[in-house]
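Here is the structure we will look at.
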């Protein structure tokens, strides 16, 4: 089995790709880890879809402010240069293509860049979508952060999503614990292999005809 | 010829119909006169479509502020309780039906409440519409302030407008120098006659089957 | 004279009838009109349609309203949460109807209602289950879904400060849906910490102009503020914080 | 580090090419980016499309830009004014194309461009000449016209204050189209009185977040302000006011 990298290492890897000056939305869950690894020499502005730019880290326990939370409803802080706005303005910012990067989790990503991350389609599940569909179609670059495989070993990179879609053809790049994949007109292109992972292994794990970056 | 009332008297008459607490937009031209006659015991909030509520009267000459103007691009002042907003918010306020009253001038008003006030349709005229169409369809009550007749004696109240329309079926009431007319499902209903004007005279001047209010 | 001040929270909601469509502001605890919701619960209404981002958390606020059986239908983007057990039970029992809307479309549909927009084409949700029954259109090479306004009879909103005209300012991310819902409802009822004299709110900083507000009720400063300054000492839910070891000081209370 | 400050106004507009679509903020003198327009004039460009509420007044600003023949087409709501003689002449000579848009639809179309809305149904203009070639639809008993976004390559905006991230506050009715155009253009260039240190602008009062702004250039305080306070003494066009008899005081200057 190929060497995998930890979730923290993956967060650091993604953070390294976010350029100075970028405006970024980090989705709920694992993607929020990316905030901890943003290079200190870069000024990166975090957006939270509940209405804020320049969100800062979580506060000290005695400085929790119920009026200052992120999209995951966790307490956060305000950095110099912050701005507040209402939900319509916040989602206009997303939908209008003004965010540079968003990082999202995924159940599945298809080779044409379709994303499924909001519902497993289980008949008894209670649905909930939040801002996932807006994030998926809104940012200039949509990065997915995910394990390559589910717990039962099924690949999350697929020919076509079987789970309900979040967005069509919207994913730019997929960062997994095994490798980094760009979504291109020719399908997934492997741009980086972690540890001793090989292209052949990835092909076997996913069953996809993966190309290697030139 | 029937007794007419002056433009100032007409402005006073319209002002008397604006209730305490109303939010009002006064169109460019004669309607701005209404502001001078608003009853002092009523709190009436003036909206200007270039982005302000609680617009005050014109400033002293040495207090003219180029950043504080009305829709006619004249200097105005700010009253306590004022708010500023951008053009999309301002016209959303109008289009969304949040203004209580607007007062507009007219070239023609039809018996079904169509308004023509932005263009005479002359082939060599340079067109300009501004916010007239938004005001016409936006306010809860649309009052027209106009002379009953043009300078050449043609009635401005008509069966059907011959000039290009500003809005369809949008006028609530027409205040003229001869009489006040409500626009109803049965056409114009005369609710008030000024001076010694008679209904018969109005019928003759307009050529319309005017009803009298019960 | 215009005075939208209402003396007490009960009278603020006294006329909401059975079957009303009620927008409730807030995202998490931030901007949630907790006291207005409690007053609404006390009305023991039936058949309400509620518009909110979520479908209630824990056993308070919107969840408590659902628990009373007052709500026939909820329009929201994110009902399922770790502590949405009240909604979960009602939904599984078929006792509440759900209209699930992507969060940005929810916000824009509420905005459209206030702004007099009849419908709009949005890219959000195109090609997904949530757009299945909807019209679509390709415009300039991009695919869009047609969405319609969401209007309400009443909006319950929480803001920081109001004046007697109903001009409002909010505080930080508590702004969220308040300005949108205030414009989309026939009657907008707002709870605030303080009502200040007319002219005290900077006209450049008014977020919701009073034209959108019908009633304001002042409830006093919330626990995490003192004289308008943030003092902390509460949980993210606004409850007094249980002290941990780091806070224990000799002689401290 | 993010620093959108541009040292001089000439470099701020140096890359605008022939044929660009340029939004220009302002309604009357208020919010008009006069110095940016002058810098644009100095570029001697050709074939521009300009989006503004008007089509120029007198012989300065936008009118002066038109006079140079740089503008192929103008999209606006109110071209004809008592002092729009430059536009009037060009229009009558067939030297400039006009797209006339009702003012609210102009604002909403610009807003739609920034907000990623593909098109929207507006009641404004229904049944009029200005909607003649457009799709219509009856929704809930009301008639609407379908309108599309207006996007631009560049926006020239005037605000009061910026920080190095491009967060902006405006002053009074000078706000008008600025926030909308900033969001609707690929590149937004802003002139301000002052650039203040990051963190100096109240986050509750930011009107245009820096995400919409690419360049800011500080020009110093305008004549009617001193240290941020209004001092008057100018005409509505911002020119020094000619003194009249009432101002004459013994010994006054």
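Every chain is named by a letter (A, B, C and D) in the order it is written, and numbering of its residues begins at 1.
As a working rule, a contact is a pair of C-beta atoms (placed from the backbone, for glycine too) under 8 Å apart; a residue touches a chain by one contact, two chains touch by 3 or more.
Composition by chain, UniProt nomenclature: A, B = 3-oxoadipate CoA-transferase subunit B; C, D = 3-oxoadipate CoA-transferase subunit A.
In this text the structure is predicted, and so the values were computed from the model without any measurement.
K.L.:
For subunit B, which other chain has the most distant CA centre?
P.N.:
When every chain centre is compared against subunit B, the largest gap points to A.
K.L.:
Hey, which pair has more contacts between C-betas, B-D or A-D?
P.N.:
Of B-D and A-D, it is B-D that has more C-beta pairs in contact.
K.L.:
Distance-wise, how many Å sit between the C-alpha centres of subunit A and subunit D, to the nearest whole number?
P.N.:
From the centre of subunit A to the centre of subunit D is 37 Å.
K.L.:
Cα centroid separation between subunit B and subunit D, in whole Å?
P.N.:
One centre to the other, that is 28 Å.
K.L.:
So the centre of each chain is just the mean of its C-alpha atoms; given that, what is the distance between subunit A and subunit B in Å?
P.N.:
Whole-Å distance between the two chain centres: 54.
K.L.:
Can you list the residues of subunit D that touch 2 or more other chains?
P.N.:
Only 108, 111, 115-117, 122-123, 170-172, 203-204, 207 qualify.
K.L.:
Mind pulling the residue numbers of subunit B that touch at least two other chains?
P.N.:
Where subunit B meets two or more other chains at a single residue, that happens at 78, 84-85, 92, 94-95, 138.
K.L.:
Could you run through all the chain pairs that touch each other?
P.N.:
After working through each pair, the chains in contact turn out to be A-C, A-D, B-C, B-D, C-D.
K.L.:
Would you tell me which residues of subunit D are touching subunit B in their complex?
P.N.:
27-31, 53, 77-81, 84, 87-88, 91-92, 98, 100-108, 110-111, 122-130, 143, 170-180, 207, 222, 224, 230, 232-238, 241, 244, 246-247
K.L.:
Help me check something: in the complex, which residues belonging to subunit C touch subunit B?
P.N.:
Residues of subunit C touching subunit B: 1-2, 111, 113-117, 163, 165, 167, 183, 198-199, 203-204, 206, 209-212.
K.L.:
Spell out the part of subunit D that touches subunit C in their complex, as residue ranges.
P.N.:
108, 112, 115-123, 137, 139-140, 142, 144, 148, 169-172, 202-205, 207
K.L.:
Which bits of subunit A are touching subunit D when the two form their complex?
P.N.:
Within the complex, subunit A contacts subunit D at residues 20-21, 23, 43, 45, 47, 53-54, 78, 80-85, 92-99, 138.
K.L.:
In the complex formed with subunit C, which residues of subunit A make contact?
P.N.:
Residues 48-52, 59, 61-70, 73-75, 78, 84-88, 90-92, 94-95, 114, 119, 124-134, 137-138, 164-168.
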